[in-house]
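Got a structure here, written out as C-alpha coordinates. Questions coming.
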(Lines give C-alpha, C1' and ligand atoms only; values in the text may rest on other atoms or scores of the structure.)
Protein backbone atom coordinates (compact mmCIF):
# COMPACT_ATOMS: atom_id res chain seq x y z
CA UNK A 1 0.00 0.00 0.00
CA UNK A 2 1.03 3.62 -0.41
CA UNK A 3 0.45 6.70 1.72
CA UNK A 4 -1.40 9.59 0.12
CA UNK A 5 -3.21 12.83 0.95
CA UNK A 6 -6.84 13.32 -0.05
CA UNK A 7 -6.78 16.32 -2.35
CA UNK A 8 -10.05 16.39 -4.25
CA UNK A 9 -12.90 14.60 -5.94
CA UNK A 10 -13.73 13.30 -9.40
CA UNK A 11 -17.30 13.18 -10.68
CA UNK A 12 -18.43 11.07 -13.63
CA UNK A 13 -22.07 10.63 -14.56
CA UNK A 14 -21.62 8.73 -17.84
CA UNK A 15 -19.89 5.57 -16.65
CA UNK A 16 -20.04 1.82 -16.45
CA UNK A 17 -23.16 0.72 -14.55
CA UNK A 18 -21.02 -1.15 -12.01
CA UNK A 19 -19.41 2.16 -10.98
CA UNK A 20 -22.71 3.63 -9.77
CA UNK A 21 -22.51 4.86 -6.20
CA UNK A 22 -18.73 4.72 -6.02
CA UNK A 23 -17.24 7.88 -4.46
CA UNK A 24 -14.00 8.85 -6.20
CA UNK A 25 -11.21 10.72 -4.44
CA UNK A 26 -8.16 12.28 -6.06
CA UNK A 27 -5.26 11.45 -3.76
CA UNK A 28 -1.65 12.62 -4.04
CA UNK A 29 1.11 10.28 -2.92
CA UNK A 30 3.78 11.20 -0.40
CA UNK A 31 7.34 9.91 -0.32
CA UNK A 32 9.01 8.05 2.54
CA UNK A 33 9.71 11.38 4.24
CA UNK A 34 6.09 12.47 4.10
CA UNK A 35 6.52 14.99 1.28
CA UNK A 36 3.92 15.14 -1.52
CA UNK A 37 5.25 13.91 -4.86
CA UNK A 38 3.87 14.61 -8.36
CA UNK A 39 1.92 11.36 -8.61
CA UNK A 40 -1.75 10.84 -7.93
CA UNK A 41 -4.43 8.23 -8.13
CA UNK A 42 -8.20 8.39 -8.37
CA UNK A 43 -9.30 5.96 -5.68
CA UNK A 44 -12.65 4.58 -4.63
CA UNK A 45 -13.46 5.63 -1.08
CA UNK A 46 -15.65 3.65 1.27
CA UNK A 47 -14.13 4.82 4.56
CA UNK A 48 -15.28 8.45 4.37
CA UNK A 49 -11.96 10.26 4.06
CA UNK A 50 -11.97 14.04 4.21
CA UNK A 51 -9.79 16.54 2.37
CA UNK A 52 -6.19 16.82 3.64
CA UNK A 53 -6.43 13.56 5.57
CA UNK A 54 -3.67 11.00 5.11
CA UNK A 55 -5.02 7.78 3.71
CA UNK A 56 -3.78 4.31 2.89
CA UNK A 57 -4.18 3.38 -0.77
CA UNK A 58 -4.28 -0.12 -2.15
CA UNK A 59 -3.69 -0.50 -5.86
CA UNK A 60 -4.06 -3.64 -7.88
CA UNK A 61 -6.75 -4.42 -5.37
CA UNK A 62 -9.70 -6.52 -6.23
CA UNK A 63 -12.60 -4.50 -4.93
CA UNK A 64 -15.05 -6.21 -2.64
CA UNK A 65 -18.26 -7.13 -4.42
CA UNK A 66 -21.01 -6.03 -2.05
CA UNK A 67 -23.74 -6.97 -4.50
CA UNK A 68 -22.67 -10.53 -5.04
CA UNK A 69 -20.79 -11.53 -8.15
CA UNK A 70 -20.63 -8.13 -9.81
CA UNK A 71 -17.15 -7.18 -10.97
CA UNK A 72 -16.15 -3.56 -10.51
CA UNK A 73 -13.19 -2.33 -12.57
CA UNK A 74 -11.68 -0.51 -9.59
CA UNK A 75 -7.87 -0.52 -9.42
CA UNK A 76 -7.30 1.76 -6.42
CA UNK A 77 -9.10 2.02 -3.11
CA UNK A 78 -8.85 4.03 0.06
CA UNK A 79 -8.64 1.25 2.59
CA UNK A 80 -8.00 3.29 5.73
CA UNK A 81 -7.59 6.76 7.22
CA UNK A 82 -4.15 6.98 8.77
CA UNK A 83 -3.77 7.84 12.47
CA UNK A 84 0.01 7.69 12.74
CA UNK A 85 3.09 6.91 10.67
CA UNK A 86 6.17 6.05 12.70
CA UNK A 87 9.63 5.75 11.14
CA UNK A 88 12.81 4.85 13.04
CA UNK A 89 10.90 5.21 16.32
CA UNK A 90 9.92 8.81 15.50
CA UNK A 91 6.52 10.10 14.43
CA UNK A 92 6.40 11.09 10.76
CA UNK A 93 2.70 11.94 10.92
CA UNK A 94 -0.04 12.07 13.50
CA UNK A 95 -3.63 12.84 12.60
CA UNK A 96 -4.45 13.87 16.16
CA UNK A 97 -1.72 16.45 16.37
CA UNK A 98 -2.61 17.68 12.93
CA UNK A 99 0.93 18.34 11.94
CA UNK A 100 3.93 16.50 10.66
CA UNK A 101 7.09 16.19 12.69
CA UNK A 102 9.38 16.83 9.76
CA UNK B 1 -7.63 5.02 -11.62
CA UNK B 2 -5.93 7.68 -13.71
CA UNK B 3 -7.23 10.70 -15.59
CA UNK B 4 -6.58 10.83 -19.33
CA UNK B 5 -7.66 12.63 -22.49
CA UNK B 6 -9.09 10.67 -25.41
CA UNK B 7 -6.69 11.36 -28.26
CA UNK B 8 -7.33 8.77 -30.94
CA UNK B 9 -8.23 5.27 -31.97
CA UNK B 10 -6.45 2.01 -32.67
CA UNK B 11 -7.76 -0.49 -35.20
CA UNK B 12 -6.73 -4.14 -35.34
CA UNK B 13 -8.42 -6.67 -37.58
CA UNK B 14 -6.07 -9.63 -37.00
CA UNK B 15 -6.55 -10.24 -33.28
CA UNK B 16 -7.58 -12.70 -30.63
CA UNK B 17 -11.19 -13.78 -31.17
CA UNK B 18 -12.12 -12.56 -27.69
CA UNK B 19 -11.19 -9.01 -28.72
CA UNK B 20 -13.87 -8.86 -31.43
CA UNK B 21 -16.15 -5.87 -31.05
CA UNK B 22 -13.93 -4.09 -28.55
CA UNK B 23 -13.49 -0.39 -29.38
CA UNK B 24 -9.95 0.77 -28.63
CA UNK B 25 -9.11 4.34 -27.67
CA UNK B 26 -5.65 5.86 -27.42
CA UNK B 27 -5.71 8.01 -24.28
CA UNK B 28 -2.99 10.31 -22.98
CA UNK B 29 -2.58 10.69 -19.23
CA UNK B 30 -2.60 14.04 -17.42
CA UNK B 31 -0.69 14.89 -14.26
CA UNK B 32 -2.17 16.08 -10.97
CA UNK B 33 -2.31 19.62 -12.38
CA UNK B 34 -4.26 18.57 -15.45
CA UNK B 35 -1.35 18.82 -17.89
CA UNK B 36 -0.86 16.06 -20.52
CA UNK B 37 2.22 13.93 -19.88
CA UNK B 38 4.13 11.72 -22.36
CA UNK B 39 2.40 8.49 -21.34
CA UNK B 40 -0.52 6.83 -23.02
CA UNK B 41 -2.61 3.71 -22.87
CA UNK B 42 -4.76 1.90 -25.40
CA UNK B 43 -7.97 1.34 -23.48
CA UNK B 44 -11.16 -0.54 -24.24
CA UNK B 45 -14.11 1.84 -24.36
CA UNK B 46 -17.65 0.89 -23.55
CA UNK B 47 -18.92 4.28 -22.40
CA UNK B 48 -18.73 6.04 -25.77
CA UNK B 49 -16.03 8.61 -25.09
CA UNK B 50 -15.36 11.25 -27.76
CA UNK B 51 -12.07 12.84 -28.79
CA UNK B 52 -10.71 15.45 -26.33
CA UNK B 53 -12.98 14.30 -23.54
CA UNK B 54 -11.44 13.62 -20.14
CA UNK B 55 -11.93 10.02 -19.12
CA UNK B 56 -11.26 7.81 -16.14
CA UNK B 57 -8.97 4.88 -16.89
CA UNK B 58 -8.75 1.70 -14.89
CA UNK B 59 -5.67 -0.41 -15.47
CA UNK B 60 -5.02 -3.84 -14.14
CA UNK B 61 -8.76 -4.21 -14.35
CA UNK B 62 -10.35 -7.50 -15.06
CA UNK B 63 -12.82 -6.70 -17.80
CA UNK B 64 -16.41 -7.72 -17.30
CA UNK B 65 -17.29 -10.82 -19.27
CA UNK B 66 -20.59 -10.00 -20.95
CA UNK B 67 -20.68 -13.31 -22.77
CA UNK B 68 -20.35 -15.49 -19.72
CA UNK B 69 -17.06 -17.10 -18.85
CA UNK B 70 -14.99 -15.73 -21.72
CA UNK B 71 -11.72 -14.17 -20.65
CA UNK B 72 -10.68 -11.03 -22.46
CA UNK B 73 -7.03 -9.99 -22.19
CA UNK B 74 -7.92 -6.34 -21.58
CA UNK B 75 -5.65 -4.49 -19.16
CA UNK B 76 -7.05 -0.95 -19.47
CA UNK B 77 -10.60 0.32 -19.72
CA UNK B 78 -12.41 3.62 -20.00
CA UNK B 79 -14.76 3.32 -17.06
CA UNK B 80 -16.26 6.80 -17.14
CA UNK B 81 -16.39 10.17 -18.87
CA UNK B 82 -15.34 12.83 -16.39
CA UNK B 83 -17.68 15.74 -15.58
CA UNK B 84 -15.55 17.56 -13.03
CA UNK B 85 -12.24 17.27 -11.22
CA UNK B 86 -12.00 19.32 -8.04
CA UNK B 87 -8.72 19.83 -6.17
CA UNK B 88 -8.35 21.81 -2.94
CA UNK B 89 -11.92 23.05 -3.33
CA UNK B 90 -11.17 24.54 -6.76
CA UNK B 91 -12.22 23.21 -10.16
CA UNK B 92 -9.35 21.67 -12.12
CA UNK B 93 -11.60 20.60 -14.99
CA UNK B 94 -15.23 20.90 -15.95
CA UNK B 95 -16.64 19.24 -19.03
CA UNK B 96 -19.63 21.58 -19.13
CA UNK B 97 -17.54 24.71 -19.16
CA UNK B 98 -15.24 23.16 -21.69
CA UNK B 99 -12.16 24.69 -20.24
CA UNK B 100 -9.68 24.11 -17.47
CA UNK B 101 -9.28 26.53 -14.59
CA UNK B 102 -5.52 26.29 -14.49
CA UNK C 1 -2.69 -1.97 -23.69
CA UNK C 2 0.51 -0.61 -25.20
CA UNK C 3 1.73 -0.30 -28.78
CA UNK C 4 4.95 -2.08 -29.67
CA UNK C 5 7.01 -3.22 -32.65
CA UNK C 6 7.88 -6.90 -33.08
CA UNK C 7 11.66 -6.95 -33.00
CA UNK C 8 12.74 -10.54 -32.41
CA UNK C 9 12.20 -13.90 -30.80
CA UNK C 10 13.18 -15.64 -27.58
CA UNK C 11 13.73 -19.40 -27.43
CA UNK C 12 13.73 -21.42 -24.22
CA UNK C 13 13.82 -25.21 -24.19
CA UNK C 14 14.24 -25.75 -20.43
CA UNK C 15 11.05 -24.21 -19.08
CA UNK C 16 7.91 -24.79 -17.09
CA UNK C 17 5.80 -27.51 -18.73
CA UNK C 18 2.85 -25.13 -19.05
CA UNK C 19 4.96 -22.91 -21.36
CA UNK C 20 5.32 -25.64 -23.98
CA UNK C 21 4.21 -24.50 -27.42
CA UNK C 22 4.11 -20.81 -26.51
CA UNK C 23 5.77 -18.63 -29.17
CA UNK C 24 7.68 -15.76 -27.56
CA UNK C 25 8.24 -12.44 -29.29
CA UNK C 26 10.55 -9.65 -28.17
CA UNK C 27 8.61 -6.44 -28.72
CA UNK C 28 9.83 -2.88 -28.26
CA UNK C 29 7.38 -0.25 -27.06
CA UNK C 30 6.71 3.03 -28.88
CA UNK C 31 5.73 6.33 -27.28
CA UNK C 32 2.59 8.34 -28.01
CA UNK C 33 4.30 9.82 -31.08
CA UNK C 34 5.13 6.43 -32.52
CA UNK C 35 8.84 6.52 -31.67
CA UNK C 36 10.54 3.39 -30.24
CA UNK C 37 11.56 3.77 -26.61
CA UNK C 38 14.16 1.76 -24.65
CA UNK C 39 11.64 -0.59 -23.08
CA UNK C 40 10.69 -4.04 -24.24
CA UNK C 41 8.62 -7.02 -23.26
CA UNK C 42 8.78 -10.70 -24.14
CA UNK C 43 5.20 -11.47 -25.09
CA UNK C 44 3.37 -14.65 -25.97
CA UNK C 45 2.09 -14.51 -29.53
CA UNK C 46 -0.96 -16.34 -30.78
CA UNK C 47 -1.91 -13.99 -33.61
CA UNK C 48 1.08 -14.68 -35.84
CA UNK C 49 2.83 -11.33 -35.79
CA UNK C 50 5.79 -10.81 -38.12
CA UNK C 51 8.96 -8.80 -37.57
CA UNK C 52 8.54 -5.01 -37.79
CA UNK C 53 4.78 -5.21 -37.47
CA UNK C 54 3.07 -2.97 -34.93
CA UNK C 55 1.25 -5.01 -32.34
CA UNK C 56 -1.02 -4.43 -29.38
CA UNK C 57 0.38 -5.75 -26.11
CA UNK C 58 -1.63 -6.61 -23.05
CA UNK C 59 0.29 -6.91 -19.83
CA UNK C 60 -1.02 -8.13 -16.54
CA UNK C 61 -3.24 -10.25 -18.71
CA UNK C 62 -4.52 -13.56 -17.58
CA UNK C 63 -3.75 -15.82 -20.50
CA UNK C 64 -6.57 -17.90 -21.90
CA UNK C 65 -6.35 -21.51 -20.84
CA UNK C 66 -6.98 -23.47 -24.02
CA UNK C 67 -6.38 -26.78 -22.30
CA UNK C 68 -8.91 -26.34 -19.54
CA UNK C 69 -7.81 -25.33 -16.08
CA UNK C 70 -4.08 -25.13 -16.70
CA UNK C 71 -2.50 -21.94 -15.42
CA UNK C 72 0.18 -20.40 -17.60
CA UNK C 73 2.47 -17.84 -15.97
CA UNK C 74 2.23 -15.47 -18.94
CA UNK C 75 2.22 -11.76 -18.09
CA UNK C 76 2.31 -10.24 -21.58
CA UNK C 77 0.52 -11.20 -24.77
CA UNK C 78 0.27 -10.00 -28.33
CA UNK C 79 -3.47 -9.59 -28.64
CA UNK C 80 -3.64 -8.01 -32.07
CA UNK C 81 -1.72 -6.84 -35.13
CA UNK C 82 -2.35 -3.13 -35.58
CA UNK C 83 -3.82 -1.82 -38.84
CA UNK C 84 -3.99 1.86 -38.00
CA UNK C 85 -3.31 4.28 -35.16
CA UNK C 86 -5.11 7.61 -35.45
CA UNK C 87 -4.34 10.57 -33.19
CA UNK C 88 -6.09 13.95 -33.34
CA UNK C 89 -7.79 12.88 -36.58
CA UNK C 90 -4.44 12.22 -38.28
CA UNK C 91 -2.86 8.85 -39.06
CA UNK C 92 0.10 8.04 -36.80
CA UNK C 93 0.58 4.62 -38.35
CA UNK C 94 -0.93 2.55 -41.14
CA UNK C 95 0.13 -1.01 -41.81
CA UNK C 96 -1.17 -0.89 -45.37
CA UNK C 97 0.81 2.17 -46.33
CA UNK C 98 3.84 0.74 -44.57
CA UNK C 99 5.02 4.05 -43.29
CA UNK C 100 4.38 6.41 -40.43
CA UNK C 101 3.02 9.87 -40.94
CA UNK C 102 5.30 11.50 -38.41
CA UNK D 1 9.69 -10.08 -4.86
CA UNK D 2 11.78 -7.16 -3.68
CA UNK D 3 14.18 -6.74 -0.76
CA UNK D 4 13.37 -4.05 1.78
CA UNK D 5 14.26 -2.86 5.26
CA UNK D 6 11.57 -2.58 7.94
CA UNK D 7 11.59 1.10 8.87
CA UNK D 8 8.38 1.80 10.77
CA UNK D 9 4.71 1.21 11.32
CA UNK D 10 1.43 2.64 10.07
CA UNK D 11 -1.67 2.72 12.26
CA UNK D 12 -5.19 3.18 10.94
CA UNK D 13 -8.27 2.77 13.11
CA UNK D 14 -10.92 3.95 10.61
CA UNK D 15 -10.56 1.36 7.87
CA UNK D 16 -12.29 -1.31 5.86
CA UNK D 17 -13.58 -4.06 8.17
CA UNK D 18 -11.54 -6.66 6.31
CA UNK D 19 -8.34 -4.87 7.35
CA UNK D 20 -8.97 -5.45 11.07
CA UNK D 21 -6.05 -7.14 12.78
CA UNK D 22 -3.63 -6.57 9.93
CA UNK D 23 -0.24 -5.26 11.14
CA UNK D 24 1.16 -2.68 8.73
CA UNK D 25 4.89 -2.11 8.29
CA UNK D 26 6.53 0.74 6.40
CA UNK D 27 9.39 -0.85 4.49
CA UNK D 28 12.03 0.88 2.36
CA UNK D 29 13.37 -0.89 -0.70
CA UNK D 30 17.05 -1.52 -1.35
CA UNK D 31 18.73 -1.69 -4.74
CA UNK D 32 20.70 -4.63 -6.15
CA UNK D 33 23.76 -3.47 -4.20
CA UNK D 34 21.91 -3.41 -0.89
CA UNK D 35 21.59 0.39 -0.67
CA UNK D 36 18.27 1.94 0.46
CA UNK D 37 16.46 3.78 -2.32
CA UNK D 38 13.74 6.46 -2.02
CA UNK D 39 10.86 4.06 -2.53
CA UNK D 40 8.73 2.47 0.14
CA UNK D 41 5.68 0.29 0.58
CA UNK D 42 3.25 -0.22 3.42
CA UNK D 43 3.09 -3.99 3.71
CA UNK D 44 1.00 -6.36 5.76
CA UNK D 45 3.19 -8.36 8.12
CA UNK D 46 2.35 -11.83 9.35
CA UNK D 47 5.89 -13.07 9.97
CA UNK D 48 6.73 -10.75 12.88
CA UNK D 49 9.47 -8.62 11.33
CA UNK D 50 11.35 -6.21 13.59
CA UNK D 51 12.72 -2.77 12.79
CA UNK D 52 15.91 -2.73 10.67
CA UNK D 53 15.44 -6.34 9.58
CA UNK D 54 15.70 -7.14 5.90
CA UNK D 55 12.47 -8.59 4.59
CA UNK D 56 11.12 -10.06 1.39
CA UNK D 57 8.17 -8.14 -0.03
CA UNK D 58 5.61 -9.52 -2.42
CA UNK D 59 3.51 -6.99 -4.27
CA UNK D 60 0.53 -7.65 -6.49
CA UNK D 61 0.01 -10.58 -4.21
CA UNK D 62 -3.40 -11.88 -3.43
CA UNK D 63 -3.37 -12.20 0.33
CA UNK D 64 -4.33 -15.54 1.82
CA UNK D 65 -7.85 -15.56 3.16
CA UNK D 66 -7.56 -17.14 6.59
CA UNK D 67 -11.22 -16.61 7.35
CA UNK D 68 -12.58 -18.33 4.27
CA UNK D 69 -13.80 -16.33 1.32
CA UNK D 70 -13.14 -12.86 2.69
CA UNK D 71 -11.28 -10.63 0.27
CA UNK D 72 -8.67 -8.35 1.76
CA UNK D 73 -7.50 -5.43 -0.39
CA UNK D 74 -3.85 -6.03 0.47
CA UNK D 75 -1.36 -5.35 -2.32
CA UNK D 76 1.94 -5.85 -0.46
CA UNK D 77 2.98 -8.41 2.10
CA UNK D 78 6.05 -9.28 4.12
CA UNK D 79 6.46 -12.93 3.17
CA UNK D 80 9.75 -13.64 4.90
CA UNK D 81 12.56 -12.30 7.07
CA UNK D 82 15.81 -12.55 5.12
CA UNK D 83 18.74 -14.52 6.52
CA UNK D 84 21.21 -14.03 3.68
CA UNK D 85 21.49 -12.45 0.26
CA UNK D 86 24.29 -13.83 -1.91
CA UNK D 87 25.36 -12.20 -5.17
CA UNK D 88 28.10 -13.51 -7.46
CA UNK D 89 29.12 -16.00 -4.77
CA UNK D 90 29.71 -13.22 -2.21
CA UNK D 91 27.50 -12.27 0.74
CA UNK D 92 25.59 -9.01 0.20
CA UNK D 93 23.76 -9.34 3.52
CA UNK D 94 23.71 -11.66 6.49
CA UNK D 95 21.26 -11.23 9.33
CA UNK D 96 23.44 -13.25 11.71
CA UNK D 97 26.50 -11.10 11.18
CA UNK D 98 24.37 -8.01 11.42
CA UNK D 99 26.27 -6.12 8.82
CA UNK D 100 26.48 -5.81 5.08
CA UNK D 101 29.57 -6.77 3.17
CA UNK D 102 29.41 -3.82 0.85
CA UNK E 1 8.01 -11.31 -19.51
CA UNK E 2 11.45 -9.79 -19.01
CA UNK E 3 14.95 -11.09 -19.63
CA UNK E 4 17.29 -11.28 -16.65
CA UNK E 5 20.58 -12.79 -15.51
CA UNK E 6 20.68 -15.08 -12.48
CA UNK E 7 23.01 -13.28 -10.06
CA UNK E 8 22.49 -14.82 -6.64
CA UNK E 9 20.25 -16.38 -4.04
CA UNK E 10 18.10 -15.21 -1.16
CA UNK E 11 17.54 -17.37 1.92
CA UNK E 12 14.72 -16.86 4.40
CA UNK E 13 13.95 -19.31 7.18
CA UNK E 14 11.28 -17.31 9.03
CA UNK E 15 8.59 -17.01 6.38
CA UNK E 16 5.00 -17.72 5.47
CA UNK E 17 4.35 -21.47 5.61
CA UNK E 18 3.25 -21.46 1.96
CA UNK E 19 6.75 -20.33 0.94
CA UNK E 20 8.38 -23.51 2.28
CA UNK E 21 10.48 -25.26 -0.32
CA UNK E 22 10.51 -22.32 -2.73
CA UNK E 23 14.00 -21.61 -4.12
CA UNK E 24 14.59 -17.87 -4.46
CA UNK E 25 16.92 -16.40 -7.07
CA UNK E 26 18.11 -12.81 -7.27
CA UNK E 27 17.98 -11.91 -10.95
CA UNK E 28 19.14 -8.69 -12.62
CA UNK E 29 17.24 -7.41 -15.62
CA UNK E 30 18.85 -6.60 -18.96
CA UNK E 31 17.72 -3.93 -21.41
CA UNK E 32 16.70 -4.47 -25.03
CA UNK E 33 20.38 -4.47 -26.03
CA UNK E 34 21.29 -7.17 -23.55
CA UNK E 35 23.02 -4.88 -21.05
CA UNK E 36 22.37 -5.34 -17.30
CA UNK E 37 20.37 -2.49 -15.78
CA UNK E 38 20.12 -1.49 -12.09
CA UNK E 39 16.86 -3.32 -11.46
CA UNK E 40 16.43 -6.73 -9.93
CA UNK E 41 13.77 -9.12 -8.77
CA UNK E 42 13.76 -12.00 -6.31
CA UNK E 43 12.06 -14.75 -8.28
CA UNK E 44 10.92 -18.25 -7.43
CA UNK E 45 12.82 -20.82 -9.46
CA UNK E 46 11.43 -24.18 -10.45
CA UNK E 47 13.44 -24.71 -13.63
CA UNK E 48 16.87 -25.06 -11.98
CA UNK E 49 18.63 -21.98 -13.31
CA UNK E 50 22.34 -21.59 -12.59
CA UNK E 51 24.32 -18.45 -11.89
CA UNK E 52 25.02 -16.24 -14.94
CA UNK E 53 22.36 -17.97 -17.03
CA UNK E 54 19.86 -15.80 -18.87
CA UNK E 55 16.35 -16.51 -17.71
CA UNK E 56 12.82 -15.48 -18.56
CA UNK E 57 10.98 -13.81 -15.69
CA UNK E 58 7.24 -13.54 -15.35
CA UNK E 59 5.95 -10.97 -12.92
CA UNK E 60 2.39 -10.48 -11.79
CA UNK E 61 2.16 -14.18 -12.39
CA UNK E 62 -0.16 -16.34 -10.42
CA UNK E 63 2.07 -19.18 -9.31
CA UNK E 64 0.92 -22.69 -10.02
CA UNK E 65 -0.48 -24.39 -6.95
CA UNK E 66 1.11 -27.82 -6.97
CA UNK E 67 -0.51 -28.77 -3.68
CA UNK E 68 -4.06 -28.04 -4.70
CA UNK E 69 -5.75 -24.86 -3.61
CA UNK E 70 -2.90 -23.36 -1.63
CA UNK E 71 -2.19 -19.75 -2.49
CA UNK E 72 1.43 -18.71 -2.61
CA UNK E 73 2.20 -15.00 -2.49
CA UNK E 74 4.76 -15.25 -5.29
CA UNK E 75 4.87 -12.29 -7.69
CA UNK E 76 7.87 -13.26 -9.84
CA UNK E 77 8.93 -16.59 -11.27
CA UNK E 78 11.70 -17.97 -13.44
CA UNK E 79 9.64 -19.64 -16.14
CA UNK E 80 12.44 -20.66 -18.49
CA UNK E 81 16.18 -20.74 -19.12
CA UNK E 82 16.89 -18.83 -22.32
CA UNK E 83 18.67 -20.55 -25.22
CA UNK E 84 18.70 -17.68 -27.69
CA UNK E 85 17.50 -14.11 -28.09
CA UNK E 86 17.27 -12.90 -31.68
CA UNK E 87 16.68 -9.25 -32.58
CA UNK E 88 16.38 -7.91 -36.12
CA UNK E 89 17.51 -11.29 -37.46
CA UNK E 90 20.77 -11.16 -35.47
CA UNK E 91 21.65 -13.10 -32.34
CA UNK E 92 21.66 -10.96 -29.19
CA UNK E 93 22.41 -13.92 -26.94
CA UNK E 94 23.13 -17.60 -27.30
CA UNK E 95 23.55 -19.85 -24.30
CA UNK E 96 25.42 -22.46 -26.36
CA UNK E 97 28.01 -20.02 -27.60
CA UNK E 98 28.33 -18.54 -24.15
CA UNK E 99 28.79 -15.03 -25.37
CA UNK E 100 26.75 -12.10 -26.53
CA UNK E 101 27.01 -10.72 -30.02
CA UNK E 102 26.86 -7.10 -28.95
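Letters are used for the chains, namely A, B, C, D and E, taken in the order the chains are written, and counting of residues starts over at 1 for each.
Simple rule for what comes next: a contact is a pair of C-beta atoms (placed from the backbone, for glycine too) under 8 Å apart; a residue touches a chain by one contact, two chains touch by 3 or more.
Quick caveat: nothing in here was measured; it's all calculated off a predicted structure.
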Intersection of contact partners for chain C and chain D: E
Interface numbering overlap (same over half, different under half) for chain C and chain E: different
Mean-CA-position distance for chain B and chain A (Å): 21
Shared interface positions of chain C, touching two or more other chains: 59-60, 62
Order in which chains appear around the ring, chain D first, chain E after it: D, E, C, B, A
Of chain E, residues touching chain D in the complex: 7-16, 18-19, 24, 26, 28, 38-43, 51, 59-60, 62, 71, 73-76
Chain B-facing residues of chain C, complex: 1-3, 31-32, 46-48, 56, 58-65, 77, 79-89, 92
